[in-house]
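For clarity, chains are labelled A, B, C and D in written order, and residue numbers in each chain start from 1.
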């Protein structure tokens, strides 16, 4: 049995490849055999800089590697996005509850992502892509600040081309080259023609998730079938540090993915 | 000890040894002396960082630009102000060290008073001076990247900030109360157990709860914590205790807005 | 037509702050020599008015981060003098102990990191470490031992928190002191070695007779004890300072400087202290001084580095003796109630006599304060030394002249950065 | 009132000893390989520390905790220092600041060192509320499986104590190996509560306890329970706090609260920590885990913002966690009624008073 403190020990592993997604976002491919579920996260350490939670963004069924897509916002993410192939990172996980993959089988699915929020949803979409027969119709709604900030563009092109999925993208601020939709991501619900029986998976800024969930409820979706992925400060990932509490919940192990029926009340209380 | 060998990652430290300069304004020199007081780490510091302008320690003074500039002391003359603007131009990262540079220091006591009158109290010929009305922190005039609190700064804290800047780490500069350090250290609360006035609950951590560990109340030398509820704190004391709380607020960080404001509520 | 050569040092890193030097040479003859302090004034004496008398040690320590103990000791003795309180022997011994820490720390810093580099031709102690790592490490260890005493007794090395009017806030434990003793035992050899080492330096043979002033006590090498005496017969109680000495203010300097009334310049500091107290220095230190060929009272300012080394050894021995004989005081401090009146306190800072005088009201409020730091007392003497050095070295090229002038200033260790270097040396050949 | 008082059972031994014998208990524990942590008097406060012998300075004095105030008072017959001082076993189970691991670069390798696990410890003279707290804390930080707990039941209580209403004292509940009870002029009744406790007790000398003595001890503990002045209706608090996030009580507490975090530091169940990586200039990296508090701004900070910015929200989070959401997470209250947060709050904010105000508010709504 390992003592509590030993659970904080990272495994040191090699970064096999890196891929720049946008100006401030990089995907690391890390050597690891640890299985995970879409929506789960790992704690990644940049040696001498610090540790932070990062979701899995890769295919859940490709053995030997993990993918993590990281946006540079502060010290630790700065160091992680600067890592070169061959370097080591510390890794522990996977932690948390992921997306309800079993429930998705046979259902229509609507996926709504804002900004880096597409990263934790990517494993779901990759799973759908590999096994289109098991699921209903899928709609992917993506919002980004500007066209330059759209993540995983080659994936989006591929998914768009696939018959199993409808892909809609919008930006807050367009540039000259942008011919697509401009405005908040909820604007895409109309063109996507959502089936009220769908399961919805949401990840992005809290405010975006609140608006999207409200609109989905109005379209007739069941609050138990709308899932959101929450973000709170996390330092341990395993319920020791207390930072991620949201009312009665530890986001690290009772989340980050929770149904809207649970999240709604918690997200309504200011400063909870 | 359990030991495991793994391959080393890129450690964040820059390839080139970064350069550092130390600049003095109105101060007691104690904060920059903290660098030399880090005896056991001094040679490690000078190996990791090329200190190329540190008049207190070396007569080798090279011109800027510098990767890191440490600013000690407050701005009290128009010449200081000009110099500070130049310093900002020359430094990649500008780090202030200590209460003088962060909030104006004890000499900011003059901000509420008439400088000529003060000068006349001390010097027979006050007309020889050319000083500004107020003693002000660097951040009042230029952008500051990191502010290290304390009168004086904590020696280990200072070395840690340098290490953090080198590694690209977030420096550990807590803004919470001294009380947390007091309890972590396991010292007796002098306020609860002895009824002594203590500014710990409104003062920012960083000293390691030094004063309470020496059986005296904190007098606020690290400046305001993120929450400064002095009205509630001082309500615990009689007239004399309140006077002690107020004196603490009006000492080494008298120029910190939160303490300035708080002193009005004692 | 006359030729004027102006030697100007615009920014002396600092002298108790920022200072400069200006010297004129007219037709090969030395004219004016001015050593000025332009560190902006911080008005401490004015701020002290209206504060509680108990605040003086914490406030005045902020005058100087390099010798805060001296400020704390002079101020607490002055306050206890006003209030008619004697803290008694055990507390007094602890005060001596923390002062030993300041001597060891300050002298080691000055010798190893600031002054010896001059003699050996390095820009700094840190640069010297490249060729003499073991020596510099010895100096740092010694300095650390001094600081450790201050940390244990005072809480931290700069602006310690444990000193108060009436004694201390908390007493050290026997275990604390035993820990220090272990360190000091080791430091003993290092301090002795330091005396040997500095006595072999190439000490310039410059003498300039000057009146030495220091506290002097028949029994002990003084920290706060004794009367103010001089090598030319002054022998007064500390309270008589203003009767014999006077502070002057000149335009070129933001520091007041002190002179003996009707007689003028004098010098304070290690050389003065040793001249007036060598008979009561710890025997080990006396022997080391003799072996180093140090004669008390010889007015060669360049020998001050040896005196500092001797005093460091003395402070190590003294600290060990204090710890050895330590009887814990009953209480960490004795109560001091304010009494209206005026009091005086003087102590021997590493750089020399530091005089404090306070007037307080019956409610404990400070009515007036006067503080005379060592550097302002030495200012004229420093100028005189510089004249001497200039006259003897006028033929030297600028760089060399600058070097020796800086070294002469460092003899006084007026404050560390001032003791370091001249930023700019301008020679105007007219 | 049912004090959940467990009378010595047939299989258990009960002895009566006097303080000098406590030294032989400490020796016995030491000789069985335990390092012993027990109460000592330091700076006028009863604290816990490693002991080599029983601290006789404790005899005849007791902690006298009041809101925002702690003093030591004389109390004839007292042996273990009375109601709790500022420290609990939490300090020893999860020390306030410790290294999780350190990593040192050597050539192109990194060596990782983890601290050696510690050996078993005996906690001596721990009060019942703290034994209950250890069980609660153990959900997060289990401590060492071989640790031994020797509880000292409370025969006098402090003004800030409310263990009785939380069901954690003053009689010893679950989780102790040996139970000590002060009675009479410094006599101590010693009883075993576990097999390990019984084994140890079998090696102790002392007079067998009489029925009268056992009864005398029991009645003193019962009297202590009766004398407690503070209480919280734990069930009502659970409901009320969960339903009142908008109560005006939170803002009124915020007027007085210093956000200094003393309450969370002294609380025997508050487990929040921060994990921090640092590296010295030689490149040696350390991961430390250090006590933290939901009252600090950094606690709920994510890049770009602090979730619980106002002091009202920080206090609400803390009090609600202790009395309400803890139930959702762990199936018990997070408060054992030790009263430390009331005593060591520099301004004496009283969780019982605030909780009761909210309970009343709900009742009136």
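Things worth noting here:
Note that in this section contacts are C-beta pairs under 8 Å (C-beta built on N, C-alpha and C of every residue); 3 or more make two chains touch, one makes a residue touch a chain.
A quick note: this is a predicted structure, and the numbers were derived from the prediction, not measured.
The pair with more inter-chain C-beta contacts, choosing from A-B and B-D, is B-D. Geometrically, the chain at the heart of the complex, using CA-atom means, is B.
Note: centroid distance chain A to chain C, computed from Cα atoms, is 65 Å. With centres set at the average Cα position, the gap from chain C to chain D is 52 Å.
With centres defined as mean CA coordinates, chain B is found 41 Å away from chain A. Computed centre separation for the pair chain B/chain D is 37 angstrom, with centres defined by C-alpha atoms. Counting only residues that touch two or more partner chains, chain D has 110, 112, 114-115, 276-277, 279, 283, 292.
Multi-chain contact residues of chain B (touching two or more other chains): 4, 6-9, 11, 167, 169, 215.
Of all residues in chain C, none touches two or more other chains. Pairwise chain contacts present here: A-B, A-D, B-C, B-D [touch as defined].
Considering their complex, residues 1-9, 11, 13, 41, 44-45, 47-48, 159-160, 162-164, 166-167, 169, 172, 174-177, 179-180, 183-189, 191-195, 198, 200-202, 215, 225-227, 229, 232-233, 235-236 of chain B touch chain D.
Taken in their complex, chain C has these residues touching chain B: 13-14, 17-18, 39-47, 49, 51-52, 55, 58-59, 62-66, 68, 109, 113-114, 123-127, 129, 133, 136-137, 140-141, 143-144, 147, 155-159, 161-162, 164, 169-170, 248-249, 251, 254, 256, 332, 406, 415-417, 420-423. Those residues of chain D lying in contact with chain A across their complex are 94, 98, 100-101, 103, 110, 112, 114-115, 117, 140-142, 242, 245, 271-277, 279, 283, 285, 287, 289, 292, 294, 299-304, 307-310, 313, 317, 320-321, 324-325, 328-329. Chain D meets chain B in the complex at residues 42-45, 47, 68-71, 86-87, 91, 96-97, 105, 107-116, 255-262, 265-266, 276-283, 290-293, 295-298, 311, 343-348. Across the complex, chain D is touched by residues 3-6, 8-9, 12, 45, 47-51, 73-74, 77, 88, 231-233, 235-236, 239-243, 245, 247-250, 269-272 of chain A.
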